[in-house]
Amino acid sequence: MTDFTPNEMMTIAAARQLSNDDVCFVGIGAPSAACNVARLTHAPDITLIYESGTIGTAPDVLPLSIGDGELCETALATVSVPEMFRYWLMGGRISIGFLGAAQLDRFGNINTTVIGDYHHPKVRLPGGGGAPEIATSCGEIYITLKQAQRAMVERIDFYTSFGHGDGGDHRQRLGLTTRGPTLLITDLAIWRPDSESKEFVVRSLHRGVTRDMVQDTCGWTVRFSDDLEETPPPTAEELGTLRDLQARTAAAHAGARRAA
Amino acid sequence: MSKFLPLSQAVGENLGNGDVVAFEGFTHLIPHAAAHEAIRQGFKDLTLLRMTPDIIYDQMIGMGMAKKVIFSYAGNPGVGLLRRMRDAIENAYPRGIETVEHSHSAMAQAYEAGASGLPLALFRGYKGADLPKVNPDIRFIACPYTGEQLAAVPAHRPDVTFIHAQKANQKGDVLIEGIIGVQKEAALAAGRVVVTVEEVVPSFRGLHPNLCILPHWTIDAIAVVPGGAHPSYTHGYYERDNAAYLEWDRISADRDLFAGWIRENVLGKTPDAFADRVKGLRQ
Amino acid sequence: MSKFLPLSQAVGENLGNGDVVAFEGFTHLIPHAAAHEAIRQGFKDLTLLRMTPDIIYDQMIGMGMAKKVIFSYAGNPGVGLLRRMRDAIENAYPRGIETVEHSHSAMAQAYEAGASGLPLALFRGYKGADLPKVNPDIRFIACPYTGEQLAAVPAHRPDVTFIHAQKANQKGDVLIEGIIGVQKEAALAAGRVVVTVEEVVPSFRGLHPNLCILPHWTIDAIAVVPGGAHPSYTHGYYERDNAAYLEWDRISADRDLFAGWIRENVLGKTPDAFADRVKGLRQ
Amino acid sequence: MTDFTPNEMMTIAAARQLSNDDVCFVGIGAPSAACNVARLTHAPDITLIYESGTIGTAPDVLPLSIGDGELCETALATVSVPEMFRYWLMGGRISIGFLGAAQLDRFGNINTTVIGDYHHPKVRLPGGGGAPEIATSCGEIYITLKQAQRAMVERIDFYTSFGHGDGGDHRQRLGLTTRGPTLLITDLAIWRPDSESKEFVVRSLHRGVTRDMVQDTCGWTVRFSDDLEETPPPTAEELGTLRDLQARTAAAHAGARRAA
């Protein structure tokens, strides 16, 4: 299977990191696609949780919003939003939380709040939503991001959610017992934090990606692993599953559009 | 005690200029019809409270009705940014607004604290995040048992909460099902509660005992507005109008387009319009 | 992850001497079969945690298995006092026990705090009451917004929680319905969770989306024990055996009568006995 | 209707104090009987809540325990016990809370915890259950009690729940905004607190009861109202409703006993 897009590679690479025993706090977009590809391929018993309160969902099409009806209809149970945050997120029941980013630094700190000064922003972004507590309560955090100079920056404008802070043992110094960001999957590469400094290091390049391509789309000086690998390209099953899912999704949402 | 009223009267009797008001709904059951009625009645200086201010708050802010927004995620769900709210924050158009920003967890628990008669919510949160630096309402308290620093936020106690629900029975008890969000807490935390419902049924006899119900004596007014959540959805009645959310991105991007849309679709309409809007979306 | 096990193995693998253990149930769904299995296995030095320690804790205390009881109401519900527990407190028979006493509200919220990953529960409580004078775990904290003194209690984090429920599905998810009490919180607050159920069904498909369910990955072991709540009841399966509660008052009043009853009805029996006990009580 | 027992009079006198708009937190025993007699006579729309989480119950027979199945089966909704205490009791949704007492003082302070010293009790009673927060969270408190010297005492051994403390403005000084005990209904009389001192004063004697009978069964010096009244005796409807309810209850519980 050679014909795939960088976004497809990103989604499938993320899906591979998930297992049957995982309980995932899923966000909309690439995380949702990745989690459901995992569920439809190698991890049929994975538990997917959306912050709308839906526990153990198995949507046939990807939701457009975090609270689409499909999520509730296919869930094991749907709880209130306060319960979702209290018993399930902060209660420590989630093994993997997914986060996206408008700005990301090399230590996995994330900004989705403002570009510029908080009180006089250049761009007012949507804000953190669940992210501040997702970042600290989940067993570990996976970040998905399309690489770009303006997204991967030396210094983020606002700490919407805490990753490894200044690196090293910063999480422990704050009393955090969860692992924080352990994986960054972009459209070009797979990154993992250095075990000491906690700086993200490129471990694997997707097929056809060069070191320069990664550096050119990243605002900090990139570190590459000594034993840099190539990400195995999507298998036919993985790609077929993802594309079928996206086709079903497009058809379903177009259907709603026609009806409107 | 629940009174069944026309929506215009339910809104007029329970909302006032300067109120702290929550129109709650977590993607599901968003009370669009009630918000449009509030726009028609032209309230001023509102403090808008909501976890996920989306299209309805974008509309109210765009009409200059809000002086302050308390929130945790200001986006058009699944689509992008809220362009009228951005215009107010970035350009003070049509007026500047104050923002008080929290995490989802803090907002949900602040409602829960309000419903529980507590002045604050306490939780393990905000560690390492910047919001406590820009929101002085966020404090930290040491746990007297462990010494751990826990985050605190003031309880939400809105003057009035508006929600949309599936059903009322004839006594005025209200049933909410599906993605129930934070509506029960937002209602129980409020001084007054107004509910729009899809329909009224004779009784809830025979329903499962553990469903999410607000007894009639917790509700001030109920208005029957079929389709009243559109373009949000009502589980068991009609689907989400995803196309309308996508279209909002275009409409809200332009001040004049926005004004025209509001004139045509809100100011020039009545609550009855909602039933037509969901005709093609019924299940 | 849920494993379906015989009750003896489910109890043996998850309870240990010296554990803090909760057998929860609020009048409804009291896990009698699990408690009797614990008595047969003869655990020692347990800290028994429960809002309403009733017959099962009276039995365990009477057998000398408890060193400490944390509770809010120690009565035989609708009947009177707990005579074995009184004998332990008043006469140290068969051994003395330490008691840590709370209000219902505090206990319920301490479980909720445990389930929420919090080290404490904070609430508007205990004003003017004497319990804070005799229970040093009760503290007061000033609200940073209002200055009000709020009551605090440490979160409950039992080593293991036992509950009884109506149904498991084949994956090991568990459904609780009717008077759901504090069981979900007691389970989610615990290190290990053991559930006895009336029956296993293929799946929960088609059930209402908002029911009280514990997913299989929150549960360590499930034992199928029809009638396992007797003489408590299971909504939808069998009624409360009120006569047995009245009779317990007589049995527990006398040390020898008690010992004989335990020999005959607990030590000399297996979990299968419970199905027979509810035969005349099925609806 | 002349033939009634003191307990029947107590129950019916309590029932009369309740109205359609009340939301009552009901205890087992006399309060439960009183609330259901009110519901079956003049207050059909009264809301009865039991601390097991059952909201708006309408049981056909009186429950033996606070969590009988009948309560759930006839309830508008049944919530979890944490929710019951948080949103409904402490959230300030209850207008009237009923409390009983093993020991009661003239200011409505109640002991149901221990007789004697707490750490070395003569009698270990069941304890407070919900009482500490019922006493402070409900709009007002009604107390029902069978009069006896050992129950109505000069000084209680333990403050399980706070009434008016030392009297006067003691509640306000603690920051309590609820009214506390506003009514004491015994088998002999109806008492209400003095508006200033908050000491219970006898306002009404049940038919056939003398001042001496009240004083002889009370451990403190009883104050009688200047305009002391006679409690209207039970009407035929009231007594019939109560007795039918109790007959149904006895039959139902005996049925369960036979089945066992």
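Before moving on, here are some points about what is shown:
For reference, chains read A, B, C and D in written order, and residue numbers begin at 1 within each chain.
To be clear about the criterion, contacts are C-beta pairs under 8 Å (C-beta built on N, C-alpha and C of every residue); 3 or more make two chains touch, one makes a residue touch a chain.
From a predicted model like this one, the values you see are computed outputs, not experimental measurements.
Between chain A and chain D, the least number of touching-chain steps is 2. By number of C-beta pairs in contact, A-B leads over the other of A-B and B-D. Between chain C and chain D, the centres computed from C-alpha atoms are 28 Å apart. With centres defined as mean CA coordinates, chain C is found 39 Å away from chain B.
Residue positions 72, 78-79, 86, 90, 137 of chain D each touch two or more of the other chains. Multi-chain contact residues of chain B (touching two or more other chains): 112, 116-118, 123-124, 148, 178, 180, 184-185, 209-212, 235.
If you sketch which chains touch which, the pattern fits none of the simple shapes: not an open path, not a single ring, not a star, and not all-to-all. Applying the touch criterion to all chain pairs gives A-B, A-C, B-C, B-D, C-D. Within the complex, the chain A residues that touch chain C are 21, 23, 47, 55-56, 72-73, 75-79, 86-87, 90-93, 137. For chain C in complex with chain B, the touching residues are 116-120, 122-124, 139, 141, 143-146, 148, 150, 152, 154, 177-178, 180, 208-212, 235.
Within the complex formed with chain A, the chain C residues making contact are 1, 112, 115-118, 173, 184-185, 188, 204, 209-213, 215, 217-218.
Contact residues on chain D toward chain C in their complex (touch as defined above): 28, 51-54, 63-69, 71-72, 78-82, 84-86, 89-90, 113, 118-119, 121-133, 135-137, 158-162, 165, 170-171, 174-176, 253, 256-260.
Remark: chain C residues 26-28, 51-52, 71-75, 77-79, 81-82, 85-86, 89-90, 101, 103-105, 108-109, 111-112, 123-131, 134, 148-149, 178-182, 184-185, 212, 231, 233, 235, 239-246, 280-281 touch chain D in the complex.
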